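In the part that follows, the structures are each spelled out as C-alpha cells.
First subunit A sits with subunit B, and in the next complex the same chain sits with subunit C.
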Partner chain A sequence: MNTYSESLQLNVGEIKIKKTKLGRYKLKKRDSKDKLVMVVIAAMFFSLIYYLGFEVDYKWDMFSPHIAKKIVMDFFRFDLVPADEKLGMLSRLTNTVLLGLLTTLLGAAVSFPLGLLAANNISSNKISTFVNAIVSFLRAVPTIVWVLIFVAGYGLSATTAIVGMTFHTIAFFVKSFSESFEEVDPGAIEALKASGASMPQIIFGAIVPSAYTKLISWIAMRTEINFAVAVVIGPAVGVPGTIGTAINVYSGHANYSAMGFGVMCVFLIALAFELIITRIKQTQII
Partner chain B sequence: MTEQTVLRVENVDKIYKNGVKALSGVSFNVDNGEFVSVIGPSGSGKSTLLRCINRMIDASKGDIYFIGQSVNKADKHQIKEIRKNIGMIFQHYNLVYRLNALENVLHGKLGSYSTVQSALGLYTAKDVEKAIEILHMLGLEERVYEQCSNLSGGQKQRVGIARALIQGPKMILCDEPIASLDPQASKVIMEYLYDITRTFGIPCLVNLHQVEVAKSYSDRIIGLRNGEIVFSGKPGELTADMISHIYGVSSEELIS
Partner chain C sequence: MKYFRKKRLGTALTVNFCIFLFIYGSKSLEVSWVEVFKRFANAADRFIIDYLPVDFSEFSRQSEQLINTVFLSIAGSATGVILGLLSALMISVKTSPNRFVKTIIRTTASICRNIPEGIWAIILLLCFWFGNFLAYLVMSIISYGFLTRVFADTIDETNSDAIEALEATGAGYWQIIIHGVLPETMPALISWSLYSIENNIRSATIVGMLAGGGIGYLMNIYKGFAQFPLMMSAILMVTILIIITDRVSTVIRRRIMS
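Let's turn to the complex of A and B:
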C-alpha cells in the first residue's frame, strides 16, 4: 500500500493539470459548445432587458384603483354568488374535466400502436424515424393553434375542441410512449427472443409490463395539461358549457365574485390532479 | 457425427459491420449430457459464439448444426423452432422485473402460444403446474408470486434457469451465469446447472470468466483467444501454461 501511494504522490508532480485563471484546478474541459450556450444566454438576457425597458407599452394611465379595489374585495365573496349559479358552475366544471379526460383517453388509445411504431427497439429504423418526424411536426404546433385550424372544418363547437386537443395529445403521447418503450431493458427483450417468442409476444410479455407505470404516469400528466387547455379553449372557440366560457362571461359582466368562484374551482381541480400525479409517481418507483 | 451430438459448429467466422473479427474458424461439437465451458478474456468472442448458436447474431461464414438442422440456412419458422429448443441464461438474468417469478418462468413458453393467448396471459394449466414444479425444484417455492425486483441476485438467476427449463430445452446456453453473483450464490447456480446436465442429460454450453469454476464443473473446456479456439480438452489438461496462453498473460497475474 505504502509504495503505491508514494508512487502516486510522485506522479502528481509530473502530470500537468490545467488550472483556471483563478488558480484552481480545472475539473471540466470546456469546448465551443459551452461558449455558444453562454453567448445565447447573454443574448436572451439583454434582449429581455431591452424589451421590458424600452419596447413594452405599459399603459399605466389605464389603471383604475377603483376597479382594482372592487376585484380584490369581491373576488373571494363566494356568498354573493347565488346557489343555482354555483351549481351551474360546478356542472360546467365537470364538463371541462370530462373534456380533458376524453381527449386524453382518445389520444392514448390512438397513440399506443403509433408509440410502438415510433420506438426504435420495436419497429424498424425507417418506420421509427418516419413516425417521429411527423409527430415532432405535429407537436411543434401548439394545441390551441390545432384547435383553431379545426375550426375551419367543424365550426365553433365542442367537436372542434375535442378533435384539436386529441390531435396534439396524440403527438405528445407518441413521443412519450415511444421513449418509455425504448427505455425497457434490452436484456428482457433478448431473453424472450431467444426462447422463440414473436415480436407481438415480446411487446405484451416484456415491453408493456415494464413500461406500464410510465405510461400511466404520462397519461395522468397529460390529463392535467388537457384540463388546463380545456379551460382556456372554451372562450377561444366558444365551446358552450365549459368553466372557461363561464369565467369569461362573468369577467365581461364585471361579476368578480362569480369569477373568483370559478377560478377557485379550477384551482382546486388542478391541485387535485397534482396530488394524484405525485401519488402515482411515488407508487411507480418499484 | 454420432447420435449423441447435439451441436456441431463448423468453421464459423463472424465479422461485425465495423470490421471487428469476433470469431474465426471456430469448430467444435457438443454431445448429449456434456457440460462444456468456454473461457477466454473479454472480447475474445465468447458471447458472440453463444449468440450465433441460436442465431441472435448471424454467423458470417461456416455453419452450425443443431440436432442435424442447419442454423444458418434456417428460415424464420425454423429459427423459432430452434430457439424454442435452446434455453438461454444470462449474466444480468434478463427478467421482466415488474412481473412475478411465475410469470417470468412462463415467458419461456411464449413461443408455443398464439399472440392473443400470450397477450391475455392464457397459459395452460399444465404449463403453470410445470412452472411451479420447476420453481420448487430450484428452491423458490416461497417466491412463486414474488415480484422479481424483490429477489436477490441468486434467486433472480434461478428464475432465469427455470425460464430456460420450462422450454423443455435440448440444450442450454449460459452467458456468464455467475459473473454478477457472490461466491456462495455462484456455487448454488453452478451446482444447479451441473445437476441439470447430469439428471436430465441436457448439454450445457457455459461462458465463464472463472477458470477454477470451469475446471471443477466441466467435462470439457474450450479456450478462446481473439476469436480462435486455442484450447479444447479435459479440465485436467488445462495447465498453467495453457491458461496464460489463453489469457495472454502469465497465470500469476490472474485472480483465480
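Let's turn to the complex of A and C:
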C-alpha cells in the first residue's frame, strides 16, 4: 500500500490526490483552463444575444437605400473634387501626420528618464512601484478624455490636442520602455558596474544599446496609434485643421466625393504605417 | 574607431532629424511652446474651477450607460470573433482554400482595420441612425479588422504536425479545422479576443461620442451643455471600468495561457 501511494505521487507530480469516504481517489486540483475558455465564450455569446435582442433600438425606417446608393456611387468619384480642395486636404493630412509624430517624439523624450525610473533593475524598488502605480492610472484614462480636460484651459486648438495626446503617450511609453529596460541582460549591467562605470555610462553603454530595437518598435507602434487618434480627435473634440474635422464637415455638407478622398488618404497613410511596423517587427525577430 | 565614428554620425543625424521635425511640426501646426508652459498653471486652475467638485447626481443613469458600454464592447468583439475566425481560416497560409478569396478578405480586413473608428462612425452615420446599433456596427468593424489579422497570424504559427497527421488519415477540410487547428490555437484565440474587448472598452468613449450609445454618448451631452462636474464623474467611472477590465482580462489570460 505504501509503495503504491508513493509511485502514484511520483507519477502525478505536483497534483494532490484526495481519498473520498467511498474509497475513490480524486484529483484535488482540477484543470480550470477549459472551463475558463467555455465561460469566456459563453459570456461573449450571451452579451451578443442580449445586446442585439434587448438593448438595441433598430431604426430601420431611418435607413434609406436611396441615400446609401448615392453615397456608394459618389464615394470614389475623386474627379468631382476640385484640385485646390485636394491640395487643402493633403496639407491637412500632413498636419495630422505631424501631430501624431510630434506627440510621439515629445512623449518618447519625456518618457525616457521616467522609464529608467520605473525599471526596477535600474532605480530602487520603491521609486519604480510608485512611478508604475501613477502611470497605470494615467494610462487608463482614454486619450480623448485628456484632450477634453485640456480644452477647458487651452481652448480649441492644435495645442490642446498635442498636450492631451502627449499625456497618454507618456503613460504608454513609460510602461513599455521600462519593460524593455527590465529585459536587458543583468550580466551586462553588472560587468559595467564592476569596471567602475558611472550611472550614465551604464545607461548609455549597456541599457540603451540592448533595448534599442525594442524602443524603436514601440515608438513606431505608438506613431501608428497617435495618427489614428489625431484623425479621430478632430471630429470628436473639434480641433481645427486636421483631416478628421475636414471629413466631418464634408459629411455634413453631403459632399461625398471629397469625403471619400479624405478617407482614402487616411487609409493609405495608416496602411503605410502598418506595413512599416510589420517590417520592423520581422527584422527584430530575425 | 571607424565603427564608433559611424555610430556617432548616425545618432547625430537621427537627433538632428528629430529636432528638425519638432521645429517644423510646431511651426506648421502653429503651436508655441512658450505659451503651453505659460498657460499650464492657468489651465490647471480652469480645470479645478470647471470640473471639481465631482458631481455624482446622475449616478444611476451613468451606471446604466456603463453597463451598456460593457455589453456593447463584448457584443462587438463577439461579432468580430465569429467573422474574424472564418476570415482568418480563409486567409491563413495553412488553411486557405484559394488565392482569390484570400486577396479579397485580406483587403477587406485591412480596410476595416486601418480606417479609425471615428471615421467609420462618420461614414456609417450617413446611412444609419445615431444610437446603439451604429455603435455596435462600428465596434464590430474594428474588432473584425484587428482579430482577422491576429487570428491569421496565430493559425500560421501553429504546429503543422497535427494538420499533417489528420491529412494522412484522410480527414476532410472541416474535420482538420475542428479537430486539429481550433483546439491547438484556442487559448491564443481567446486571449486575443479578450484583448479586443479591452480595446473596445477603451475606444467606447470616442465611438459613443460620434456614433451614440454607451457612456461616450452621455459625455457628449455633458460636453454640449457644459456640465463639466457631471462629465468628470463619467470620466472617473470610465477610468475605473478600464482598470477593472484590464485586471480581469490579464488574470484570465494568464490562467488560460499557462
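Definition applied: the second predicted complex is superposed on the first by the 240 of 286 C-alpha atoms of A that agree within 3 Å, B and C clash if a C-alpha of one lies under 4 Å from a C-alpha of the other, contacts with A are read in each partner's own complex, and residues count from 1 in each chain.
Methods note: a residue touches a chain if its C-beta (ideal position, glycine included) is under 8 Å from a C-beta of that chain, and two chains touch if they have at least 3 such contacts.
Keep in mind the model is a prediction, meaning the values are calculated, not measured.
Placing subunit B and subunit C on a common subunit A by superposition gives a fit, with no clash between them.
When both complexes are overlaid on chain A, the residue A:Ala194 reaches subunit B alone and has no touch with subunit C. Judged by the touch definition given at the top, the superposed model places A:Val110 against neither subunit B nor subunit C. In the superposition on chain A, contact of A:Gly205 is made with subunit B only, not with subunit C. Contact with subunit C, but none with subunit B, is seen for A:Ser251 once the two complexes are overlaid on the shared chain. In the superposed model, A:Ala236 makes contact with subunit C only, not with subunit B.
In the superposition on chain A, A:Asp185 contacts subunit B only, with no contact to subunit C.
For subunit A, the partner with contacts to more residues, out of subunit B and subunit C, is C. In the superposition on chain A, A:Tyr51 makes contact with subunit C only, not with subunit B. In the superposition on chain A, contact is made by A:Gly153 with subunit C only, not with subunit B. The least CA distance from subunit B to subunit C in the superposed model is 7 Å. On subunit B, the positions that touch subunit A within their shared complex are 54, 56, 80-84, 86-88, 90, 92-99, 107-113, 115, 118-119, 147, 149, 160, 163-164, 167.
Chain contact summary for the complex, subunit A toward subunit B: residues 185, 187-188, 190-198, 200-201, 204-206, 209-210, 212-213, 286.
If you check the complex, the residues on subunit C that touch subunit A are 18, 21-22, 24-26, 28-32, 35-36, 39-40, 42-47, 50-51, 68, 70-72, 74-75, 77-79, 81, 110-111, 113-119, 122-123, 125-129, 131-133, 136, 186-187, 190, 193-194, 202-203, 205-206, 209-210, 219, 223, 228, 231, 235, 238-240, 242-243, 246, 252, 255-256, 258.
Contact residues of subunit A toward subunit C in the complex are 32-33, 36-37, 40-41, 43-45, 47-48, 50-52, 55-59, 62-64, 67-68, 71, 94-95, 98-99, 101-102, 105-106, 136-137, 140-142, 144-145, 148-150, 152-154, 157-159, 162-163, 228-229, 231-232, 235-236, 241, 244, 247-248, 251, 256, 259, 263, 266-267, 270-271, 274.
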